[in-house]
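Across the two complexes that follow, chain A remains constant while its partner is chain B and subsequently chain C.
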Partner chain A sequence: MRTLLVSFVIATTLSAQNYTFLVSEYTKETELEAKIVSNIAEASLNKSEIRLFIPEISELEERVYSNFVTLTSSCSEADFVFVKRSVDVTEYCQDMDKVYVTNNYSKLLSDQRYIGAFFWQKSRPNITFLNKRLQKKQIQLPSNYEKFVEDF
Partner chain B sequence: MKEKSFIKQPLYLVFSIFIVSAVLLLLLYGTIKLEHSIEEKMVAISTTDIFSVTDNTTEYIHEMLDPNKDFITQVADNNILQANIERSLEVLITKNIAYAYLLYKDKRGVFRFLADGSLEDKAFLHQKFDIDNPKWLEVYKTKEALSIEHLFLQDLAITYISPLVQDDEVKLLLVVDFSVKKVLKIEQILTMMKYGIIMMIAVIVLFLLVLIFQTIRYFAMRKNAYIDKLTGVYNRNYLQDAQEFINLNEYVLATIDIDHFKAVNDTYGHDAGDRVLAQVASCITSVLKVKQDIVIRYGGEEFVVLVKTHQEDTLEALNSIENIFEAIRNYKFHISSDEYLPMTVSIGVNLHPYKSRTFSQAFKLADTALYHAKNRGRNTIELYDENENRNNSMMLSINEIKEAIEEKRLLCYFQKIVSNSDQSTSHYEALLRIEDKDGSIITPDKILPAIEGTFILRNISKAVLEICYLKLQEESKISLNVNLNPADIVNQSIIAILQEYAKTQNIAQRLGLEVVETQDIIHCEDGRKNLLFLKSLGYKIYIDDFGSGYSNFIYLTQIQTDFIKIDGGIIKNILEDKISYLLVKSVVEFAKAAGIKVIAEFVSSEEIYEKVKELGIEYSQGYYFSVPSRELR
Partner chain C sequence: MKKILLAVLLAPMLFSQDIDSLLDEYQETNNASLQKVDEKLGHLSIYSQADIQKMQYHKLGEILQELPHINYNLNRLGHASLSLAGTKTQLNGFIRFFINDQEISSLYTQSPFLNWGDIPLDFVESVEIYYGDSSFALGNETGIYFVRIYTKEAYKQNGGELILRYLSKGANAQSVMYADTLQNGWSYYAFANREELRDKRDYKDERLFNNEKREYLFFNIENERTDLQIGYAGVRKDSYMGLAFDVVPESGALESKNLFINTTHSFLEDKSLQAKFSVNQQERMYREENAEGLATIPIIDLENAAATIPKYFNEELRYRKLNAYLSKTFSTQNNQLFAALNFTQKKYKVLYRENTNLLGETFTPQRYNDFDKETVYSLLLQDDFFLRKDLSLIANFKLDKYERNGDLENTTETMFRIGSIYTPLDNLGFKAFYTRTYLPPTFYSVEFMNKDESTPDEKIKPQKYSLATLEGVYTLSNTKFSVIYSNVRIDDFLYMTPVGFIHVPYTVKVEGIVFDLKHQFNDAYELELSYFDNHISEIPNNAKSGGFVKMMGGYKAFSYFASLIYRESYSYMDVEADASYDLSLGLQYDYSKDITFNIKGENLLEKSTQTFYTDHSNSSYAEVFAFEDYEKRLSLSLRWKF
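Let's turn to the complex of A and B:
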């Protein structure tokens, strides 16, 4: 009996990584995204206390983002809006003058509201700001963000 | 003698744990290194071909481009060329290659897409691309292809970057991203291998632990089998197993016998005897050096001691033995909480055991010295004297005789006694022999001196009587003579045995008792009575070796002896020595007058036989007629 118990404990310990999904979902990518988005928001608004609104935020994102930034549930209370997925931001922030960032490069090009985008290109995090839109919003990014700014 | 077991010695235990831990860590480190090495090799095997194909594609794209025009402008301005390049990149996309694309670096140092063969996540022309690792820039210096392993990206495992060079300057980068699927499969295989190795190591370690445990247990059990529980010193089993490995050059050998130990047992009981034994052992070990010297309880009240020494200097060892002797002599042996006895020991010492070929021979010499110590009144140390004992080297020791009795190696040879009138066999004399371990036959002159005056002699008489009794039952027509010692005649257990045998029909009449005439028996009233009693049971009494020592004619008539056997020493001189002749003549005349029959011993030739016959002696015994043999002849 003792041998059986010891064998079971050894086998379970060796295969422990197969059972981690029972404890928590994989959060590394979301965590990286939250860090970058909060940094972008701080750089864009040039302040540390940011109130972020993500329309139709998932539970996982809410849990992870709240570790880095203050989340709001309505667009009106937010300083910074990060639009993910195929959400129509107009539904949530109609005529509201906020700083908008998307996670879709195409959307960035086509929608004038967005000053920049944070997205995954070839499985790598990519940041792009459009210079004219930054100027229009009178946003001055720190010098270390210059490499992310496109001149159009 | 009692040493701490290996497990109970903390230093050894810590050392063992340290060694085992170090070995385990080494094995673990080896496993990890092996895993990494195998992983690198497997990844290399899996990717080498793709790297080659990528290099070929790079070459192919290079050939598609005009070397005289700027590569970037050519592709950016020519949709057909861009489409062709993208088609050649699409060929690279497989289950394990997620992306294949062509990049250039603009004047700001920003990477941008020029063509993208990826099926998903396709980039725009000139779209900015943020690289994840500064190693990318090395390609611009080395102008050589480069692979980068991703440790932090979730979906990518390896990126392969192949440069397109124009005018000795890297213009474009062909980039291929490997998905983690392949590497995950490799890692899965490696993980299985790793677990397999770990399990194997665990099984081996477990097996080794069980083996170590069993070995320790075996040695502990073996040690227990070697220790005498009563005294805590080694027992005879140890000696039997270890004697081949004892280097006789390094020891002085002594045998120690407790004097009058039987009296302690008989008087105070066996518990008291056991206490004395334990205390004697304690006295011996207290004097000796536990780690060097060896103490063995050889049996009963006898101990064997091996004292470590140098061949040239045995004095120190002898001092130790004297110290044992003194320690025992001065010790008060408690037989109960308030009663104690003084005890002494006899010690036989063989100072030069290395002169003997085997331990048994060395032991025999110490035992001979012990025998002399006892003969000299006990309570003494006797050293084995080589010169004194040279002639007795073949003599058996007490212990060898004891062993022979226990192992039933005691036997009788028979020599016939013939009637001088017609040379027909009248009866046989049973003669004691011991068959040695090597099969040689030992005669009484090598046996009796060691056991004279001991209870062993009585045991031998009993054994010989039994052999003769069985022989008489087996052979119904023969008569046998058996030799008894004077001490046997006054021993009630011997008398009782003879009384018992006499109850069997036709035994006493055929069993003659040969007794040597000594002063002791003549003056012993019990001896005389017992002889008469035995005679009344039907036994014939023979006076053996008559004329050799104390010969008393009156005594012969008192005990009403049936036969006298004239000593062989006289008979063999009868032809040459007139005194011997006259002595025999007078004995024969007396015997005839007293109605006692005469037997001549040592009749070894026809001349002696004729002379004996001429003197009127009725019976003869000697080599002229037969030599003693195991069978009746």
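Let's turn to the complex of A and C:
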């Protein structure tokens, strides 16, 4: 009986998915964001070893992103740049050869350096690439990304 | 065998997730609305965006009805009022509402219900309800129940939404919102709502009207460091029972407009230094006519009743609040120290006041007393220390220095809280707090104080609360079970009598327990059961126990919910109030990703909660009677995202 009880406690403990209290810092949303940005970078550069630069990255983002991708401390060391919505990237990067993606759709439309955006639209997360800019940079996205390409 | 086992264990790590499933999971995570949860604030009930959608909560009141330890009733003016279980509260203040960081209770009564108590949830991302907090981290408004309403974040919307709602009895509501992110990174969110609600009841062959028109506007513009919010709520409604001695006034109207502007800015690289400034203004008009007389306590002198009881009353009041707040968080690996300074100034002005007595004489008293300004300086401290990875200790201290004009003396109040969160196993956790707090007097309670209370100091006694709470949570793979025990002691409890507020001259004691069980059958089906029971040292005049069962599910483009909210029967002064069984059912059809139809029915069994009122038609005694709060309600909604 005791063995059964101990087994039950161990089993339920190991299988716990529900949280009791959110005592530790909540990172799940940032983790998923990091996974998505890494996935976009891999698809854009067609390789798995990415060197990512995020200007004005927060301490939390730095901790979480570094579990999924190699972060660089300067733009020059990176091959992929992810620019948050209000950051002025020209303060950090002059090299137009990098691949730039933003989380601001208006920024994507108005600034030629960006090939795409990962942003929220109608309260849903969304990815968009602009076809002409992909062609200009000679980027061939994998087939599962074709639905994200806008033809202008 | 070992190789196979290893392969099975490593498989999820070897194959990265597909981008579509990542996006789905990202949205689900966002809809779980856990980003802003702060377990240190108290015992938490969270209504996430996913819950709001699945349960078709249209208005805040539908959430508040479910809360344990609380009864959700109507007051004589026909708007919602919350009371601690077992009591019928005439004075609020123990429950505080925040829209984001803006406290929105009435500056006069401390009640948020006239303007904001039943706001539409169309612009709300999530609602967090903390039991046991007393504003140790937010401003200077004390309380024991904190309702934090988070609006949708502009940069996560980027689009428009139109919601049309048609309700029973010809009532209707419309909401429209639009959000966009600009090239420079600033995002804005604009929301407008109007609604027309209709309600009429019969009391002793006479008709009570409770029709109302409401408007809500909300605008927010923000970037990563700065946030500006403007909110407006306007209501025009019938006076329902009003102040009429015989319950049914001949005519009456209540109008209230509330506007707030709130701005927040974060400094330093880690945003640990924060400054906030807000302005809040409310204008309230009340008019009522009743030949049998109106119970306007500050005017009436029972020794000269005919000359002081009004048959007509009309007033227009203005309240203004300024608030400035500066906070700094100091973090190390195991310790977080939070310190803040707060300044609040409240002003109350009578714009117009007139009454006509039973003899037909008209008076224009401007003020009932000379208390019309209150300034509060506060110091807030919170330390959160991780003794071990699974054990944290929390300590709060707050000092409030009150400067009041008129006859009232300046006072200094302190409050403190100690607590701990212990999670010995991943699926077992405990949380305990002991809190000493207080509810300060308001312009309303001072004006409506029993005239026999001897000195002005008697009128400004704060109600003092001691609150001990213990929560245990146990989770299985898809199940979560929690128990919360609470022990509350209230000194100088303020109680409304027919001649005004009195301080109860002994300690009021309340003990309560809440059980809650949630089970997720699969991604679509979920069940929750909750039950609470309170024991109160007073003769109860409201339900002491209750609970709810709710389930939600879905199949393809359809989703549905069912909920039953229960409150026990009770009796007071030989009047019985039946048990309440508020059954709600709802069905949603997603025609496309952007167009959704809803149908919903509330109080389908017509077994609403009841409230006790008094009828003074007969001058020799007061007749107590129970009256149903709500009738059956049906609604049809269309939601279009563009």
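Throughout what follows, the second predicted complex is superposed on the first by the 125 of 152 C-alpha atoms of A that agree within 3 Å, B and C clash if a C-alpha of one lies under 4 Å from a C-alpha of the other, contacts with A are read in each partner's own complex, and residues count from 1 in each chain.
The rule is short, and it goes like this: a residue touches a chain if its C-beta (ideal position, glycine included) is under 8 Å from a C-beta of that chain, and two chains touch if they have at least 3 such contacts.
Only a predicted model underlies this, so the values are computations on that prediction, with no experimental measurement involved.
Peer 1: By residue count, which of the two partners contacts chain A more extensively, chain B or chain C?
Peer 2: The partner making contact with more of chain A's residues is C.
Peer 1: Between chain B (first) and chain C (second), which, if any, makes contact with A:K107: first, second, both or neither?
Peer 2: second
Peer 1: After the superposition on A, what does A:S123 contact: first (chain B), second (chain C), both or neither?
Peer 2: both
Peer 1: Going by the contact rule set out at the top, does A:K28 touch chain B (first), chain C (second), both, or neither?
Peer 2: both
Peer 1: Output check: A:Q94 vs chain B and chain C. Expected answer is one of first, second, both, neither. What do you get?
Peer 2: In the superposition, A:Q94 contacts neither chain B nor chain C.
Peer 1: Tell me the contact category for A:E59 with respect to chain B and chain C: first, second, both or neither.
Peer 2: After superposition on chain A, A:E59 lies in contact with chain C alone.
Peer 1: Using the touch definition from the top, say if A:S143 reaches chain B (first), chain C (second), both or neither.
Peer 2: After superposing on A, A:S143 lies clear of both chain B and chain C.
Peer 1: Where on chain A do the contacts from chain B and from chain C line up?
Peer 2: On chain A, the residues that contact chain B in one structure and chain C in the other are 28-29, 105, 120-127.
Peer 1: Once bound in the complex, which stretches of chain A touch chain B?
Peer 2: Of all residues in chain A, those touching chain B are 10, 14, 28-29, 105, 120-128, 147-148, 150.
Peer 1: Touching chain C in the complex: which residues of chain A?
Peer 2: Contact set of chain A toward chain C: 12-13, 15-23, 26, 28-29, 32-33, 35-36, 39-40, 43, 58-59, 84-87, 104-107, 110-111, 119-127, 144-145.
Peer 1: Using the touch rule from the top, collect the residues of chain B that touch chain A in their complex.
Peer 2: 98-99, 101, 108-110, 118, 121, 123-124, 127-132, 153-156, 177, 195, 198, 202
Peer 1: Mind pulling up the chain C residues that touch chain A in the complex?
Peer 2: Spelled out, the residues of chain C in touch with chain A are 16-20, 22-23, 25-27, 29-30, 34-35, 37, 39, 152, 155-159, 161, 180-187, 223-224, 270, 392, 421, 423, 425-429, 431, 473-480, 518, 593-594, 641-642.
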